[in-house]
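Chain lettering (A, B and C) follows the sequence in which the chains are written, and residue indices restart at 1 in each chain.
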């Protein structure tokens, strides 16, 4: 454990090796430090390291809501270990549960790590890396205590639990706070290595939507994570679409809607690769909400798009009115990188008619000869050059 | 052919494995299906599969305009098969003809597939994949009958023809329709495999601009597709620029303008790789039109850029006033990925003076020692790491 | 040297192989050329080639300010040659000095090339490529004489100097000029090859901010270049962060601020790879300034983000109020491509409290076992597929 402990000393902040004009004559009080450096090699010490930073972000006096969240091991997908977050251990999944907040709301999430330590040990890439699961979130506010990182000690050893506080800070013209409404995501930052790479690829991630009063209300929301090995929500090819013709059950692997319903996608990039999110027959506004109010003068300037590049860590919202003008049908949703879609990074938005019927006339083959699982041998033969 | 045929049954739509709050108590009528599954293995059956979905999107009562479009085989580029769309068979090219629509317009395009079946057979990646050419479009509205995909049967066998209907749906505040004005593109979705990968890389693509009343009117429009093998419009190095010093002919491989002309680029990403579109000496607004009206209060918030990342499937518009402030000259236009530009992914916008003269003083070498064709051996030696 | 010299001849500009409607009946005066082609193989000829285009862009009657800039060789980083720009030879660095301009301002920068010719010769990729260093800038206006490219001859042989003129053209509603305020960068375009690839990877680049009256004023500005070999400002792992616990000195490898300070990042993409810029605990508006004024009606439409994809050549600004709501701490700043961050493409924004103290309680390990320098063997083992 190291501390930046400071003794008083006055100094001008210098900008070494830059020639920029000084923006002000500010002085900075800096204080000489006595450095206490202790390497933390065991997750069990994590609890002991908390409490030195504020538990809650400024503006969150008290959580408005509490949630119990479980990290569990799921059945393997081929040889690939799968982990998931769930509101109960029995409902853990990948992606994890969609979280929804209103701007201004403060949420306390208690994460229970039920992943066996042996599983975490098998996933880690260095023998000194701590064993634990964490919860790191994008977009909303949290203190270092809820950062979900190794260096802040904010993770949970197997069998333990820890409460993370998220604050959907609202806009504030006086302080310049920009607000936190948006399409975000949460994920582990600890399993396997200091960036949670193994936790993410095993399934420890989910979507988060923070709304602002007046935002359009969707009829359905689907989380769609585009990731490595040509995967959508860690599946590819036929495994991306488990819809049955009879009574299809909406979920991360069954994107279905009735004509006229407002469908919202929380699109997330994970892993190592670039992707593009493309949907046939539908388009959306490249704005905070995925919608633009046409009465506004700037509506003329906003791009309407049907394909959007996203890198790992990116997230955005796309809202469409299912089947508007184009009618019902099996509308392809895929990555437009050709070698990705050819390898099975392609699924369907099934749009039924207003009565919940699909007109006859076509199958809904994905057109991907690819494997049914992202853990199968790679179908892509692309050479980057 | 499978049909989602439904018998009445009431069920609550469940959101399995997600914890999001129910946004409403809606019920969904779902009906048990009798599944009729017939695999369609021959393009010749395609015609038989149409007509079960609407032919035209809602809002298009009757096409305002009709176009004949021909898909033909062009002379090989080295060993690379080349295909092109053309308004006549004799004028087919890659990229294909620029399409322009006004919001509100409905267009019927009859595609005549004149590509020999043997050529399509040689390009396909699976012996059961159907032989045909299609027309898939981004941004505007179309029913499944005009989707241009295998699964919807909306493609054309060799020697056949098929009419595709595109509707440039306008904005509608009541229904929430976002409008379709924008910079789009069209392409084959069938040649070689279910995503048209071979058709695209052979040349079956083109640009589409949908305008809104009041949009700025360009003096010249150039389609610029950034794609695999460090290519601009499927060429690289010297082949990207066929301008002659005497009477240069504007076209996809000769980007030329006079100082003061408003030049519009329809920039499209195709293939497998990421690229960035960069133009020397000029910049544009990152908006729907590539322009921002400076009188608007939000003009202060809009980024002005001279380099934009695009992935496959992305398309955007960039509008510049040629030579404004910077004067005439040979202005480089290239991908800013260094190994791409070094391998010849670089061309020029030649800006002549107001009288159509180029001041003396410089050659217009592209500075790429690279091959003259994208089909040559790759010049890039980059290792992704 | 070739010249587009023109004799009078009238011709209709044709759009060969495109079917777009003619946007006007304009005629183009084109003039037959006498081509004088002389290959320039020596940087020494560069001076002789200037002066045929205007020296200054329209709107810049006379420079408002002059700067001396030096290109020098710095100590090697392992086996990697390092070059840097500096306002003095002694303060050269990578990135080079941050340049700041106001819209409307015209700047004359005299570049002195103090890099030994032998070093430039060792870096070039072709024996006929000229030896020199140049200054190419994004976003602002310059004539061909200040383009910094080989083909325009606007570079500087070793021991020489050359003045480049940059004009931060303001918005103009009458002419349609979009303005040049934004977050830009400058770089060499000549060292090693015609795109300056070796110059860039050696360190010849820096940030540029052009402001508009009324823009928010930052307390601190940091240039952050994301580039090849998992590097931030050409370093990786521990080398990205040279902050000391006692009196940390702000600079390109020490990102530090006090709670409440407005911190501005000039984020630049260089090299060959895609990256994403992610900052823990903070977010910014995806606008020209990285900020949105919340009183504006369009503020509701602007995305607030904490992760942004950037390709080579891209640049943008991100402004955050350090520690707002989240408090002090060691906030990770990293590429969210997992194999990049795992290999050490990760540093910290150290946020001290209002008094300049860091609360005790945690070390600031980067969590990257990676090498301390981007020149070390690659740690990434990612296979693109």
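Operating definition for what follows: a residue touches a chain if its C-beta (ideal position, glycine included) is under 8 Å from a C-beta of that chain, and two chains touch if they have at least 3 such contacts.
Since we're looking at a predicted model, the values are computed, not measured.
A rotation of 120 degrees, rounded to the nearest 5, superposes the Cα atoms of subunit B on subunit C. Residue numbering at the subunit A/subunit C interface overlaps only partly, since under half of the positions present are found in both copies.
Once the centre of each chain is set as its mean CA position, subunit A and subunit C turn out to be 30 Å apart. In subunit C, the residues touching two or more other chains are 274, 285, 292-293, 298, 302, 309, 382, 384.
The touching residues of subunit C, when paired with subunit B in their complex, are 1-6, 9, 11, 13-21, 23-24, 26, 28-33, 35-37, 49, 51-54, 57-59, 125-126, 136, 138-139, 141-144, 147, 149-153, 167, 169, 171-173, 175-182, 184, 193-195, 197, 200-201, 212, 214, 228-230, 269, 271-274, 285, 287-289, 292-293, 296, 298, 302, 309-316, 378, 380, 382, 384. Chain contact summary for the complex, subunit C toward subunit A: residues 67, 86-87, 91-93, 97-100, 216-221, 223, 245-252, 258, 262, 274-276, 278, 280-281, 283-285, 291-295, 297-309, 321, 324-332, 334, 336-342, 346, 350, 352, 355-369, 382, 384-385.
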